[in-house]
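Multiple structures follow.
Shared between the two complexes below is chain A, which pairs with chain B and chain C, respectively.
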Partner chain A sequence: MIANIGYGILFITLLVSIYGVGAAYYGARKNDPRWIESARLSMLLTFPLITLSSLSLIYLLVTGRFEHQFVQSVTSSSMPIYLRVTALWGGQSGSLVFWSWLLAAFASSVTLRKWDRDREFLPWVIVVSLVTLAFFLILVVFFENPFTRFWQLPGGDIRAAMFQPQGSSLFLPRDGTGLNPLLRHPGMIIHPPMLYLGFVSFVVPFAFGIAALVTGRTDDRWIRITRRWSLVAWLFLSLGLLLGGRWAYDVLGWGGYWGWDPVEIAAFMPWLTGTAFLHSVMIQEKRGMLKRWNMVLIILTYSLVIFGTFLTRSGVLSSVHAFAQSAIGPLFFAYIGLTFTISLALLLSRWDELKAEGEMTSLLSREALFLLNNLLFMGILVVCFWGVIFPLISELVTGQKVTVGPPFYERATAPLFAGLLLLMGIAPLAAWRHSTFKTLGRTVWKPSLISLIVPVYAFIRGIHQPAALLGFWLAAFVAFVTLHEFWRGARARAKRSGENLFTALWRLAGRNRRRYGGYIIHLGVVLMAIGIIGIEIFQVETQGTLAQGEQITLENYTLTYNSLAVFDTDDGRNVARAVIGVEKSGDYVGDLHPRRDYYLDSQQPMTIPGVRSTWEEDLYVLLVDWQPVSTNSATFKVYKNPLVNWLWFGGLVFIFGTLVAAWPDRDPEPVPVRKKKSSYAAAEA
Partner chain B sequence: MPPLKLENKMTFRKQFARSNIPNSVDSFWILTFIAALALSLSLALPVVSSANAQSDNPQPPTDDDVNAVAKQLYCPVCENTPLDVCPTQACEEWRQLIYDKLALGWNEDQIKVYFVDQYGDRVLAEPPARGLNWLVYIIPPLVFLVGLFVVYRALQAWKKTPDTDQSRLPDNIESDEYIQRLEEDLKNL
Partner chain C sequence: MEASTTPQSGTAGKMKFVVGGLLIVAAVIYLIVSSTQAGAQYFLTVDELNAQSQDVIGRDLRISGAVIGDSIEYDPQSLNLTFTVAHVPGDNNEIEAQGGLAQVLYEAVNDPERTQLQVVYNGVKPDLLRHEAQAIMTGQIGEDGVFYADELLLKCPTKYEEAVPEQTGT
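After this line comes the complex of A and B, so read on.
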């Protein structure tokens, strides 16, 4: 009953979406506001509808209705309630429903904004949003239905179907297989919603971009309207990536946070174009340049969002993340191809209207440096994209699959990331429009020289790797330039207003949130860079099999294997937990408890490291193996991960900066209407 | 560290902006910078790791010796998982195989070749640079160079475009008159 209601509502939502697309298109073509209003209400309606459907699914999950295939595959009777709720996005079909739900939420909230000044955008924003929603609903309704049930056929076979096959009876499994234990970690519970939120909120700026192209209102109005949407989308995407990294570090048991797995890259690619977009829109807003490029970037971001979902959801790659495989690949492929082609065609049709208005007299101006920044982001994107799809091409052409692994990405992207850091330090010092080598050199030499203190100090402390020294210098350079920007602004304001320095800084940042939020983000990146340099260049590891009482040494750490206990827990796990005594430079600093949890329902193990965390480094111990009966000897893998906490702390600073930049204004500033007549306005006149 | 004096900085900028430095200097500098980046990128070709001559080592191999080899090989079953961290039983057996080979005196390269013969190129962290695989290493730097050219052309075009909208002023710190005046002065040099 509940399943039928949930499915029926999904189907109705699909019809409403298709109607909305038609009504908006017709209304725009005939210039009939009644049809557009009807389309707007349809889009508004999608959210409550999908909410009802999602609640039905959640109800089935929570009440343990294992006769439903999806419920059976992601929950079990031993799972706590909160995990059963979050199991909604723990499997293929549920996560597609969840995707649609979030998209409907964002699309509906767009309809509620004040449209007075941008009425002409509305129908096209509806068309784009609802086409996207309808696509996902088609996947859910026809291919990945989360409401299918198990039926026992007269011959005894079990079949999963939405509607009862003739002569069959409902089949009720005794229990579910339970959620993959790797997905039960808090990081993994929040990670997918964050990524999805990032994905779906990028649909909104794309919809406005397309609306601008269709209506010919090619000034920067669409960018101003969607500025905050883009920042929010970017915030969620960044959060998703960070949480994913933390999750990998905590539960995947390989001492790292980022493995250049294709599915990680799938989420990273829209982030790259999104970041380039956030930078280059500033140039359009301030200087009227890069209009075409911004369109290209938002089109690419949208396509990569869908591409990312395609990679993770179609099973085209099988990797550590690709838990689900299905036959929806070709549909995704066709959809990406179609939307990309149409978007590009629209862009080309407006190519001449998107000419740059500004000028600059120097290749070292801030505009030029922003463009370089974009080039570097695109360089990283090309490396990522090519690295992900090449194995597929190789398989298609030669029939042989190849691995494109971390060494490739690291070598290819490291110089680009270093270039980005350098630009992050130089760009704030470059003047708009005009800057020469000498004027720029004049402002750059002091911070570059002062920041040399850091690599020199590192050198004296015994760090001699050129890559690390260069990295530390770049990090110090950016940090110095950025902090100096804060200091410069605060001091000038304090002088003028007579406020003390802290009040001046607070108010200055409060009134220029995007600028200073951006600088905080840069500082976050610096901290993260320090952490990444630490773990990537200086990580050391060892492994050994120890009898009880034996020791293993890794640099200045000595670890003693004290004991190991194997026991069952109430929540369906068999746990093997070791006690390791840790000495650092001869002093006892505490015990660590690396363990291996074996989930009885899903029959999958999970490795939980024992970690001693300090600002200097993490000591990260894994229980690799043990003698099942006697527990006399056990194998441990020990990593020393220098500076890794700077990465996590930098991530927090990064998110804080994004929040500062995206925080809503108390009094929304009036947006000046551009003087230049757009072709839409001209046509209307 | 003492703050940079704004007034001084402004004077410096004025002085240097007044001196007529040809734009070719800019172009030269900027092109050198990005060409260096492109070069670094094109150097992203696979590095052949030196062989570890285990045969000279009479000691039995340690777990670390095994992991050093396993780290460079990828699980033939679970894609994109290095063999040294893969928790499956199959990988456990492959690690044992590496141990056995090391104990027989095989070196790293011999073991890698053995695995490639058994399971194909996919066990390597990167495709060997031959045949179609060359594309992996050539395409990214090539696209980057094309991008570089496009950017260069765009910058040239910008320089020729007259500024039709003088109202677009850089608003670095809009609310701060002092800084704004400074930026204005710099701009109007």
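After this line comes the complex of A and C, so read on.
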């Protein structure tokens, strides 16, 4: 009953969406506000409809109605209620419903804003949003239906279907399979929603971009409207990526945080174009340049968002994440192809109107450096895309499937990332319009020299790897330049207003949140870079089997295997938990408890490391195996991960900076009216 | 007339941007090509590896196969892991045609005629390594016909949503 209601509502929502697309298009063509208003209302209607449908699905999940195929596959009776709710995005069909719900929510909230100045955008924003929504609803309604139930046919076979087959009766399984234990970690619970939030919210700036192309309003109005949307979308996407990395480190037990897995890359690619977009739009706002770039970047971000969703859902590429094969692969492919082609066609039709309002004259000007920024991000994107696509291409061309692994990505992107790091330090120092090697050199040489202290110090302390030294130098350089920007701005303001330095700094950042929030983000990136250099270049490991009381050493750490307890828990796990005494340079610093959980219902083991975290490093211990009865010995794998907590702390600073940048300004922003060149010429003549 | 203090504009000015852009593009292409050559791994099925074994000795390979649970031998002291995998088709369409990945893996481990490959790996035994799991191994094939894996990846089991759950008593 509930399933029928839930499914029926989704079908109605699909019809409403299609109607909305038609009404908006017709209203825009005929310039009839009534049709456009009707479309806007249908857009608003989709949100309560999908909410109802999602609630009915959640109801089925929470009450353990295992006769429904989706419920049976992602929940089990031993799962607590809150986990059953989160199981909504634990499987393919449920997560598509979730995606649709988020899109309906965002698109609806966009339609609720004041449209007075931008009336002509509205119908096209509705069209783009509803076309996207309709696509996902088609997937759910016709191909990945979470409301299908199990029916027992007269012959005894079990079949899953939406509507009752002839002569069959409802089949009730004893229990559900349950969510994979690996997905029950708190980080894993919010990682998919964060990514989806990021993906879905990028649809909004894209919709406005398309609206700008269609209506010919190719000035920066569409960018100003969606400025906060883009930033918030980017915030969620960044958060999703950070959470994924943290989860991998905490739970997957291989001592790392990023594996260059195709699905990780799938979420990373829209982040790359999104970051480039966030920077590039500043140039359009300030100097009316890079307009074509911004269109290309937002179109790419949208396509990559859909492509990212496609990669995690279609099984096209082999990946540890890949979900089950289904018919939706070709559908995604067709949709991406179609929307990308139409977007490009629109862009080409407005190509001349997107001409830059000024001219870029100097390779070292701030504008040119932002252009270089775009190129570097695109370069990294191309590397990632190539790596992901390569197996498919090689198979097509040579008949042989060839893949590339992490070494490819690391080797190819490292110089590009280093370039970006360098830009973060140089760009704030570069002047607008005209800048020569000399003028730029004058501002750059001092911070370069001062930051040289860091790699020199590192060298003295025994670090000789050139990559690490260069990385530390760049990090110090960027940190110095960025902090100096705060200092310079605060001091100038304090002089003018007579405030003390701290008040000046606070007010300064408050008045210019985007800029100073951005600088905080850059500082976060610097910290993350330091953490990455530490763990990537300086990680050491050892492994060994110990009898109780025996010790193992890793550099200055001595670990003593004290005891092991094996017990069952209430939530269906059998746990083996070791107690390890840790000594650092001879001093006792505490105990660690690496453990092995074995989930009985899904027969899934999970290795949770015991970790001792300091700013210097992580001591990361895995319980690999044990002999419970005979020898009472156990095998451990020990990692020392230097500086890794700078990565996580840097991530926090990064997120904080984004919040600062995204926070609404106290004063409304003035909208500059830029005089067109032609009117000037007319006035002068 | 305005004094000409502005730097060069027009085509000459544009040229340096075009050249600069091309340089970046060239650098990226170089990075991609050199890293591909350094890191390319041939993705083979067990059957394909069997057929080409002499040709690919010494090359980096990526093999996928179905794990035969009984064959898993693991020494936790030395972290020496050996197991046998059975051939699994590499083409997704073929897998779909044979009834889906779970079905294909089941058939692979139960088929006595299926080509098998012995795998040797040194390291922590992955949690997901068990009977009928799909293993993706990176490494090299030895002269002895044994595959020496440097890396061992097991497919995430959210794939294995059971098509037909267990019966309930009435």
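A few notes on this one:
Note that in this section the second predicted complex is superposed on the first by the 650 of 685 C-alpha atoms of A that agree within 3 Å, B and C clash if a C-alpha of one lies under 4 Å from a C-alpha of the other, contacts with A are read in each partner's own complex, and residues count from 1 in each chain.
We adopt the following convention: a contact is a pair of C-beta atoms (placed from the backbone, for glycine too) under 8 Å apart; a residue touches a chain by one contact, two chains touch by 3 or more.
Here the structure is a predicted model, which means the values were calculated and not measured.
On the superposed chain A, the two partners chain B and chain C do not both fit; they clash. When both complexes are overlaid on chain A, the residue A:91 reaches chain C alone and has no touch with chain B. After overlaying the two complexes on the shared chain, residue contacts for A:288 are found with chain B alone; chain C is out of touch. Of the two partner chains placed by the overlay, neither chain B nor chain C lies in contact with A:214. Of the two partner chains placed by the overlay, neither chain B nor chain C lies in contact with A:231. Using the contact criterion defined above for the overlaid structures, shared-chain residue A:402 touches chain B and also reaches chain C. When the shared chain is aligned, no partner comes close enough to touch A:533: not chain B, not chain C.
By the touch criterion stated above, A:188 is placed in contact with neither chain B nor chain C.
Contact with chain B, but none with chain C, is seen for A:432 once the two complexes are overlaid on the shared chain.
Note on chain A: of its two partners chain C and chain B, the one contacting more of its residues is B. By the touch criterion stated above, A:635 is placed in contact with chain B and with chain C alike.
Residues 253, 318, 320, 359-363, 368, 371-372, 375-376, 379, 382-383, 386, 390, 400-405, 407-408, 411-412, 415-416, 434, 543, 545, 605, 607, 625, 635, 637 of chain A touch chain B in one complex and chain C in the other.
By the touch criterion stated above, chain A contacts chain C in their complex at residues 66, 72-73, 90-91, 150, 158, 160, 171-177, 180, 182-183, 253, 315-316, 318, 320-325, 359-363, 368, 371-372, 375-376, 379, 382-383, 386, 390-391, 400-405, 407-409, 411-413, 415-416, 434, 543, 545, 602-607, 622, 624-627, 635, 637. If you check the complex, the residues on chain B that touch chain A are 1, 3-4, 6, 9, 12-13, 16-17, 19, 21, 23, 25-27, 29-30, 34, 37, 40-41, 43-44, 46-47, 62-64, 67, 74, 78-82, 85, 87, 92, 120-127, 131-133, 135-136, 139-140, 143-144, 147-148, 151, 154-155, 157-165, 167-168, 170-179, 182-183, 186-187, 189.
Of all residues in chain C, those touching chain A in their complex are 6-9, 13, 16-17, 20-21, 24-25, 27-28, 31-32, 34-36, 38-44, 62, 64, 74, 76-77, 79, 90, 92, 95-96, 100-101, 124-125, 127-128, 130, 136, 138, 151, 153-159, 161-169.
By the touch criterion stated above, chain A contacts chain B in their complex at residues 252-255, 259, 261-262, 286-289, 317-320, 355-364, 366-368, 371-372, 375-376, 378-379, 382-383, 386-387, 390, 393-394, 397-398, 400-408, 411-412, 414-416, 419, 431-434, 436-439, 442-443, 446, 450, 480, 484, 487-489, 491-493, 495-496, 508, 511-512, 515, 541-545, 605, 607, 625, 635, 637, 675-676.
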